[in-house]
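Each of the next two complexes has chain A plus one more chain, namely chain B in the first and chain C in the second.
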Partner chain A sequence: MVDFFEAFRTAVRLILDLDADLVEIVLLSLRVSLTALVPAVLIGMPLGAFVAIRAFPLRRVVVVFMSALMALPPVVVGLAVYVVLSRAGPLGNLGLLFTPTAMVIAQAILIAPIIASLTRQTVADLWEEYEEQLRSLGASRLGAIPTLLWEGRYRLVTTTLAGLGRAIAEVGAVIIVGGNIAHATRVMTTAIALETSKGDLVLAMGLGLVLIALSLFINAVAFWIQDLAQRVEA
Partner chain B sequence: METPARTLLPIELEDVGYAVRKARPLVGVSGVFSQGPLTVVIGPNGAGKSVLLRLCHGLLEPSSGKIRLGLETREDRIRAQAMVFQRPVLLRRSAAANVDYALKLRGVSAADRPGRVRAALEAAGLGSVASRAARVLSGGEQQRLAIARAWALRPEVLFLDEPTASLDPQAVQHIEGLVRSIHRSGTKVIMTTHDLGQAKRLADEIWFLHRGRLVECAAAEEFFRSPATSEAQTFLEGKLLL
Partner chain C sequence: MRWLWVVLSLWLCVAGSGEARAAEDRFITLVSTTSTDNSGLLDHLLPRFRAASGIQVRSVVVGTGQALRIARNGDADVLLVHDRASEEKFVADGFGTERFDVMYNEFILLGPKSDPAGIRGLTDAAAALAKLAGVEAVFVSRGDDSGTHKAELRLWKAASIDPVEDSGRWYRETGSGMGATLNTAAALDGYALSDRATWLTFRNPGDLTILVEGDARLRNPYGVIAVSATRHPHVKLADAQRFVAWLTGPAGQAAIAAFRLEGQVLFHPNAARPD
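Now for the complex of A and B:
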């Protein structure tokens, strides 16, 4: 294990020197996950809010189903997206397989249920508190959705960060639909998985450190926002 | 002020009952809320005061009996009234934005809103805290803001559910003054309280509820001078009503 310390030191060097390969991989990771976040939030939040305040048949079933989807195994999502995008699949002619777009789709599918579920909980809590007042003022249930999303803004930012954290740390789906192609679809997690299995620990460790730092950062921001919310809105 | 051609008042209750599962918070209440007197609904805790207000305001549907209102459509009925809840529900935004939000929901134009927001806040003595976050205001200020928000809507009828519960005497005095000026402006005030002193100070007309029944309904002066029922006598003597 003499190599270990040597590898570690080289890994830190890579980061400090802003090694071109490392930077490229980190930036692609961020680009893919942040892009995936957009549709996941745009679909997940209104959907979660709708399920929270709208009574409809089988609502409980939908709620349970949404929670269950939170625990979707990434490899299964990756497999499903792969099948759909593969040449013989229904969307095969788009030629998206092994592109960052395919990775964005897989991650969006993975985190949309998380965002929808957490949003549903937030909005349901708020609706309980606000329902009579909003009805008294003349708001309809659907009309109340934007209001409730805004009232829950701090918690929803935290929810969004939870989605980002999950997306950026996920490996199973992107490795299947992205393929870890150098300079094309190689992101932090896939690079770590493959470099490690090849025995090249230096890049893997460098990326691992960046990933840990990012996760800590995302969590710290989420914590800070909660704290801020408590102070500004009592 | 956009006075509707027809009015919500009088609100006529005919044998109104409300039941949830086994509980019957309100039983066979008949009476009329009409234009004019400031009506105070009194009674011990759990008498059904809040349920009565929610029924009249349209937040609950009676399980039996009928509530007749002067206006036909849901839209018109909502516009003609406002309610302030016992625990003020304020939005997580500034005091001014809370009033603005309510006006916007009622379709008041963007050009008219700022003036009405300012007027309502000033009437409630909240001009200086207009831009503060509503939820960090003091308890009394929050309740005044809830009243200002309701009043800004210029309702024909304003329901107030225990507007001074758990406030200090100064805040109570402030809010009672506000309620009086709302009444004088021509808005019909229907409020609940379990504070007898407050009822004496404010009421023109008393509805006395006990165990979900309307036990007595009389002019305030008469009610306090010579209550007709033994329940009301017991309540006025400050004894425990069992």
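Now for the complex of A and C:
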């Protein structure tokens, strides 16, 4: 069975040697997930803020729907994107299936609801707190959105990271739409799935530890930025 | 909201640039099976083809059934799979140009070293399966419509047994790849049918060992097919045909014969046109 010590040594060796394949895989993971984060944030945050402060019919239904979408099963998203991007599908002529772009699209769909939902919560709290103040300054509800997003920026950094964490750790969607092609669409999670299927559990665990270390690193940097920003302000 | 569109379109430019760069590389998409990839055969062959032709081959690795469906949708340029009947149907339906023999390898029947069903050394694979069913020994099946799965079902048929009736009891269908199925068989101390290449490269064998081999019905032939451009005009037919010609020609066949793992020849070239 898997010797955890052996797995740990493999992980450390992979990192210290800057194994060329590993570096390529990690960079692609980052590129895909960070790229997916951009549209997810640009759509999710304004949408979440809008739903938070603007009253409209069926708003409760939309809120419930948004929360439910947070738990979108990755394989289902993968399948849907696959069907749409396949040559036999509606967007087939773009030829995007089995490319990193297809993986970006799938991940963006997965994480946009997470970002929208968490943003809605943040902005709703802030709106409750600052409503009178903002109104006295003559701000309209929609006009208050940028201010509220700015006020909530630290919590929104965490929101963004939650999205990034979900994207980078996800395997079900990217293995379907990316195809796990070596040197083209192989990312950390699909590489782990592959090594497990080869029975190379030590290498799979090693890659897993690298993935965990990477998440820790990203979160530590974000925490540090947040900490620094708060101290500068104080 | 205008800034949103500006940022989004900027992002699309950046995101798209990677793709544009990738598109400059001349490549074809191959769908193939776990046995050819996990064994390292593709890593052995594809760089050689690239050196000879300048064409990069990107391989998507799935079971034969799924590979054929991917190609049917026009999402690949060339197929390297192992289920003759469905390959011929694929060509007959107009999705493929022509099927060529490439090579064969062998299936083997694996089981725990203790071999509770007592099939070790049998030379008749169907008789061995009948014996397993007789004592209801745990058998772990791919259950995923792959070439190996179909070969296994043919053997059950030859033994006049329908194991699917007992699915969930002693007959376990994993619905996943060869490696995952071997992981399961090792964990359950069960029996399983595998191709020799995947078995030799498998790193978590547990207590599994080869019990039955050498039956002529255990031969596993691979075919290569360029996807037809009639149905899917975007398919890179010329480059795909170049790959087919190379693989079935002297250079490709020699490269297959030269591929060894732990000193063993795993794939035997058998293209009909070594010209």
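Remarks
As a convention for this text, the second predicted complex is superposed on the first by the 203 of 234 C-alpha atoms of A that agree within 3 Å, B and C clash if a C-alpha of one lies under 4 Å from a C-alpha of the other, contacts with A are read in each partner's own complex, and residues count from 1 in each chain.
Rule of thumb we're sticking to: a contact is a pair of C-beta atoms (placed from the backbone, for glycine too) under 8 Å apart; a residue touches a chain by one contact, two chains touch by 3 or more.
Small disclaimer: the values here were computed from a predicted structure and weren't measured.
Annotation for the three-chain superposition on chain A: chain B and chain C fit side by side.
In the superposition on chain A, A:86 makes contact with chain C only, while chain B stays out of contact range.
Applying the stated contact rule after C-alpha superposition, one finds that A:139 touches chain B and leaves chain C untouched. Legend: residue contacts after superposition of the two complexes on their common chain; A:233 is shown touching chain B, with no touch to chain C. Looking at the shared chain after the overlay, A:95 reaches chain C, while chain B stays out of its contact range. In the superposition on chain A, A:42 makes contact with chain C only, not with chain B. In the superposed model, A:31 lies in contact with chain C only, and not with chain B. Computed from Cα centres after superposition, the angle at chain A between chain B and chain C reads 170 degrees (steps of 10). Once the two complexes are laid over each other on the shared chain, residue contacts for A:184 go to chain C alone; chain B is not touched.
By the touch criterion defined above, A:196 lies against chain C but remains apart from chain B after alignment on the C-alpha atoms of chain A. Once both structures are overlaid on their shared chain A, chain B and chain C have a minimum Cα-Cα separation of 18 Å.
No residue of chain A contacts both chain B in one complex and chain C in the other. For chain B in complex with chain A, the residues that touch the partner chain are 54, 57, 59, 75, 78-79, 82-83, 85, 89, 91-92, 101-102, 105-106, 133, 135-136, 153.
Residue ranges on chain C touching chain A, taken from their complex, read 1, 4, 7-8, 11, 14-16, 18-19, 22, 29, 34, 38, 43, 58-61, 72-75, 176-180, 182-183, 201-205, 232, 234.
Residue ranges on chain A touching chain B, taken from their complex, read 129-130, 132-133, 135-139, 143, 147, 151, 153, 232-234. Across the complex, chain A meets chain C through its residues 31, 35, 38-39, 42, 46, 86-89, 92-93, 95-101, 104, 179-184, 196-202.
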